[in-house]
Amino acid sequence: MVDTIILLAAVLVFPGGLFVLALGLGLKGVDRRIAARLQRRVGPPLLQPFFDLVKLAGKRTLVPEDACAPVFLGAPLVGVVAMMVAAALIPIQGVYTPSPILGDLLVLFYLMVVPAVVLMVAGSSSGSPYGAIGFSREMTMMLSYEVPIVLVVVAVALRTGMGQGDGITFSLTEIVHYQQIHGAFLLDPAMWPAFLAFLAFLPANLGIAPFDIPEAETEVLEGPLLEYSGPALGLFKAMAAIKTVVVLSLGICLFLPNAPDGLAGLAVQILKLLVVMTIGMTLLRVSLGRMRIDQGFAFFLKLPMALSIAGLAAAALV
Amino acid sequence: MSTYTIPVGPLHVALEEPMYFKVEVSGETVVSVDITAGHVHRGVEYLLSKRTIFQNITLTERICSLCSNSHPEAYCMAIEQIAGVVVSPRGEYLRAVADEIKRIASHLFNVGIMAHLIGFESLFMHAMEIREIMQDVKETVFGNRMDIGANCIGGVRYDLDDDQRSWLLGQLDRLEPQIDELVGIYTTNRSILNRTQGIGVLSPAEAIEYAVAGPVARASGVAYDVRVKSPYTAYDKLTVEVPTRTAGDVWSRAMIRLSEVKISIGLLRRLIEDLPDGPTAPAERPEIPAGEAIAKCEAPRGELIYYVRTNGTNKPERVKWRVPSFMNWDALCTMLKGARISDIALIVNSIDPCISCTER
Amino acid sequence: MSLTRSQIVRSLSARSPWLYRINAGSCNGCDVELATTACIPRYDVERLGCQYCGSPKHADIVLITGPMTVRVKDKVLRLYEEIPDPKVTVAVGICPISGGVFRESYAVCGAMDQFLPIDVNVPGCPPRPQAILEGVAKAIAVWKERL
Amino acid sequence: MNFLKILARNLALGPSTDPFPFGETFTPKGLRGRVEFDAENCTACRYCEQVCIGGAIRFSKTPEGMRFLLWHNTCTFCGLCEFYCPTHAIHLTEDWHLAHGNEDKYAMVENGLLPTIVCTQCGAEAIAIAPNPTAFKEPATEGQKEQYRHLCARCRRKFLQGAL
Amino acid sequence: MTELPVDLEARLTAAAPAGLRLIQNTDAKGVTVLWCELADKNDLLGVAQEIKAVKGRLMTISVFQPTPPESDDDEEEDGDEKSDDGEAVPPASLGGIAIDGKSYELAYHFDLDGATLTIQVFLAADAAEVISLTPLFRNADWCERDYMENYSIHVIGHPDPRRLFLDPSIEPMALERLIPLSTLVNAASTKALWEKIISHQSDTPS
């Protein structure tokens, strides 16, 4: 009973649920503000993503005639829940250790696919040709970045497992623990190729330039989100915000989890999130244009693929 | 793979104006394009023959705001031919000044929008901020940021005093290094090059077949510029360089426009420095007899031709014009064939389509 | 209590007006100025919490330009219907307000408020970006009342 | 990556955003904004009405006199009226604050009246108009202009011929 | 600068057996404008072929119905600039087609390396047919569609005679119908508008 309550709290309040949502929206606000400064603008208030969400919550949701309503409306809900669970899966060094019941890296990995799947479902259920194009693009992008990220994760798991002497481990808690003792993988030259591959995965998974292809406003309007409105659209925005935190936290977990205990640990975590976001997302999206879908696909088949293979080899051999 | 049809437009965010394409695609590749035109058809030709010759100065300006100096300029030139009015040298120089200012602003807008379509918002904003220099020039010298109202029958409505001339030259000095930098970015930035090179190609032979005009023609190797081939206003006293490229792709068209911005800055300097003294426009409203005339000028998008017929009344009998986008637009069918969905907006934008000009 | 909460929600929501523009056959002057107003650092509508959206379903404030040509009339009306309530409509430039210089043409339907409710007018040909911003600010005030 | 240089510069320079609507903005001299009509100088030649493409200007005869109306909601602010006005009776101001609620749509009007007068010479009813400066051989004095304003059409002609 | 083919006049004359009238003007800036009136519309294709042979480019086609000299019907008001009587407008074209307000004048504007050559062809109202130049000049396509929807002229051999700009709900021959008659029943009329403005003015105390 107590376990269940703790689990629910982890998913719904901290570090999942409300906390991760607030954190995600806060990060988004900072991201927009920094981007604005880089473009010589003042930018929106820091709390703008909250305002947007509050507003969307109060608007009406329209379901297009051609759409299947349960699927159309259920998709974003599934996405948000999946992301909340995913957030509860990621340990924060010195602050939070997830219950092993929730699962390990492999479960997290599956959960992280959910948003993309949800977007595909949303796109195909909306009955708009642009939604359909968004769907096919989302699929193409997913196919292209999924293999490198699997290899990166395996590389980290292998490195940890070998360090511990039992082959391979998919427990995030152990990966974090191992690095806390033996030093961050970020400082380990053998892990650099894997880290670089992860950096390439980041914008693709989060739909940021140069890989914002499925949602490209000027090409397919807003792709899968075209037909959404009101609270349902708000759920997508929430999903995206939480996903940002999850993906960035995963990166921190895999490569630089080291932090002190307690509140200081939480502060360090947020600081790391900010730094990784600014470099890995904000700077990227303001300094690059979008790729074409075939270019994006080809890109992932080349550099990140090579890097991730090299990373795996290095993790195993060096 | 089976093909399916997607509608692009008519009210589409990526397009400034309503235009409607039915694009048949196979996967992400365009198989064929059907253009449905007419969304901005406002019947201006009809209205022109219902309004007086003097009202029409402003009406021609409202045909399109991006070429809003070229239309009244060509219209006034045609009326002047009919009425036998000779524009003073100062009036001619000032007309050319207005022409070049509009050209710079128009080209920068197009080049900026190209970055926007690639999703490169920062570069779009950067280009548009540079354009603001020209917008401020228009607002300060003419009183409006788009429809500058420079022309009247027999000359121009505005004048430049010495302070304004030196201020204008100062603005050009501010603009030029920023343009140089912008050219550098468009020449070397991978984001731009990867997306714009080799797409929307129009070969030199096709360019001649479709009789395309302006930067689109020049990017396909056709060195035609009305300012050189049949000079008007002060252009017979200037040397206008005509840049050409041969690749005929989206990128070449953007580069032609950027080169023309540079050339226009040079022309503006010459025009402002050499501005002759004298009146800018005749004191009296001229009488317009019956007659017919043709006037041509180089709008930002290329050759603009006006045919005006009057019958001695205060209303023109027939005013007909042909804008450069008219042919360029038709040529889109060739450029779009085999393109990818993501490139449609880019290719369409690369001809700098003026829908309101074309559909009237 | 519930009153104050709804007031808070309303004032928070009012800080997130999303813009959508409809071109009903304009000469593109107003559209260019709208693009300028919306997208460039000098005017930066994001300060007001605005952002441009690609879908009418996401919109709160609709900016309409152009004299409503016969050809786009149905499309514009359909698009307008797609925008969820509450929404505020701004007519930018004299064409949507009165038909402007194209009034009396066979291809133009004229003043937009015959076909759909207009809340704010921004006259000008085209209005300068600051004037558009002023109109958007007025529209936000109207919108806040409707939330 | 040449663009990073520009981003760094942008960061260093700070926002270039115009403070409007939260603060003052710049308004260039000569901006074409709200139109102002000065009935005192109007010669009722109605050139402005003839050159106005928007049909925004209307002169109409009323018992009180010749009424001038200009509706800003169909005015293109092109300035042709000002350009062709012989006496600068109509001119464009720099006021661009014209945004208004739709309820005020028809109130966006510039009004003017050329009042009906009784001719000081012959007692006929006429409209008070200003003389066109080109009508005088020498620049007219204020007194002459005032006298002219209170004459009927026939007496005006006589006045200009020096017959009065 | 423009260099016209030396044998241009000879070529055109040879291509138009029914006769033509050629006028050439060069302005102070050295820009040449040529006006060439054809007596017979059937010579159009031959002339166009000659122009194509000297690398001419079709710019556009203007069509209208020239008003007869005495018709001042469409001057509704403020007609202070009446045309002089006895004006030298010929009552018929070179080919003898009466200019009665119903016949058509087609002006094909060609560019010859900067010079403008306008070929004028007259069509009688009861024989309003002309051959399409689209097979010869690709860009004649839209020009011809443009005038087909505005005037009741039949273009022989046009590959794609759909409407170009006019909405299907608008009746065809817009320019032909509306310009002489001005039969406009439109909510956007200026008169209705001013009634509203004036009534609003009287409502509000000034």
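Which chain is which? They are A, B, C, D and E, in the order written, and residues in each are numbered from 1.
Keep this in mind: a residue touches a chain if its C-beta (ideal position, glycine included) is under 8 Å from a C-beta of that chain, and two chains touch if they have at least 3 such contacts.
A quick note: this is a predicted structure, and the numbers were derived from the prediction, not measured.
**Q** Hop across touching chains from subunit A and tell me the fewest hops that reach subunit E.
**A** Between subunit A and subunit E, the shortest chain-hopping route counts 2.
**Q** When the contacting C-beta pairs are counted for B-D and for B-E, which pair yields the higher total?
**A** B-E
**Q** Find the geometric centre of each of subunit A and subunit B from their Cα atoms only, then give the gap between the two centres in Å, rounded to an integer.
**A** Inter-chain centre distance comes to 45 Å.
**Q** What whole-number Å value describes the gap between the mean CA coordinates of subunit C and subunit D?
**A** Chain centres of subunit C and subunit D, defined by C-alpha means, are spaced 30 Å apart.
**Q** Roughly how far is subunit A from subunit C, going centre to centre by Cα mean, in whole Å?
**A** Measuring from centre to centre gives 35 Å for this pair.
**Q** In whole angstrom, what separates the CA-based centres of subunit C and subunit E?
**A** So the centre of subunit C lies 40 Å away from the centre of subunit E.
**Q** Note the residues in subunit B that touch 2 or more other chains, in rising order.
**A** Residue numbers touching two or more other chains: 13, 38, 41, 43, 46, 50, 58-59, 62, 116, 121-123, 125-126, 129, 139, 144, 147, 189.
**Q** If I count partner chains per residue in subunit A, which residues reach a count of at least 2?
**A** 36, 38-43, 217-218, 221, 286-287
**Q** Residues of subunit C touching 2+ other chains?
**A** 41-42, 44, 47, 54, 69, 71, 98-101, 103-108, 125, 128
**Q** What are all the chain pairs that meet the touch criterion?
**A** A-B, A-C, A-D, B-C, B-D, B-E, C-D, C-E, D-E
**Q** Show me the residue ranges of subunit E that touch subunit B in the complex, using the header's touch definition.
**A** Residues of subunit E touching subunit B: 1-2, 29-33, 57-60, 62-64, 66-67, 72, 74-75, 78-84, 87, 89, 107, 109, 111, 113-116, 118, 137-139, 141-143, 150, 163-167, 174-175, 178-179, 182.
**Q** Any idea which subunit D residues touch subunit E in the complex?
**A** 50, 55, 58, 60, 69, 71, 74, 106-107, 109, 111
**Q** Would you mind writing out the residues of subunit B in touch with subunit C in their complex?
**A** Touching subunit C: residues 10-11, 13, 16-18, 38-44, 46-47, 50, 58-59, 62-66, 68, 109, 113, 116, 121, 124-125, 128-129, 132, 135, 139, 144-147, 354-356 of subunit B.
**Q** Which positions of subunit C touch subunit E when the two form their complex?
**A** Counting only subunit C, the residues touching subunit E are 69-71, 98-99, 103-111, 114.
**Q** In the complex of these two chains, what residues of subunit D are touching subunit B?
**A** 2-3, 6-7, 16, 28-32, 47, 50-53, 76-80, 83-84, 92
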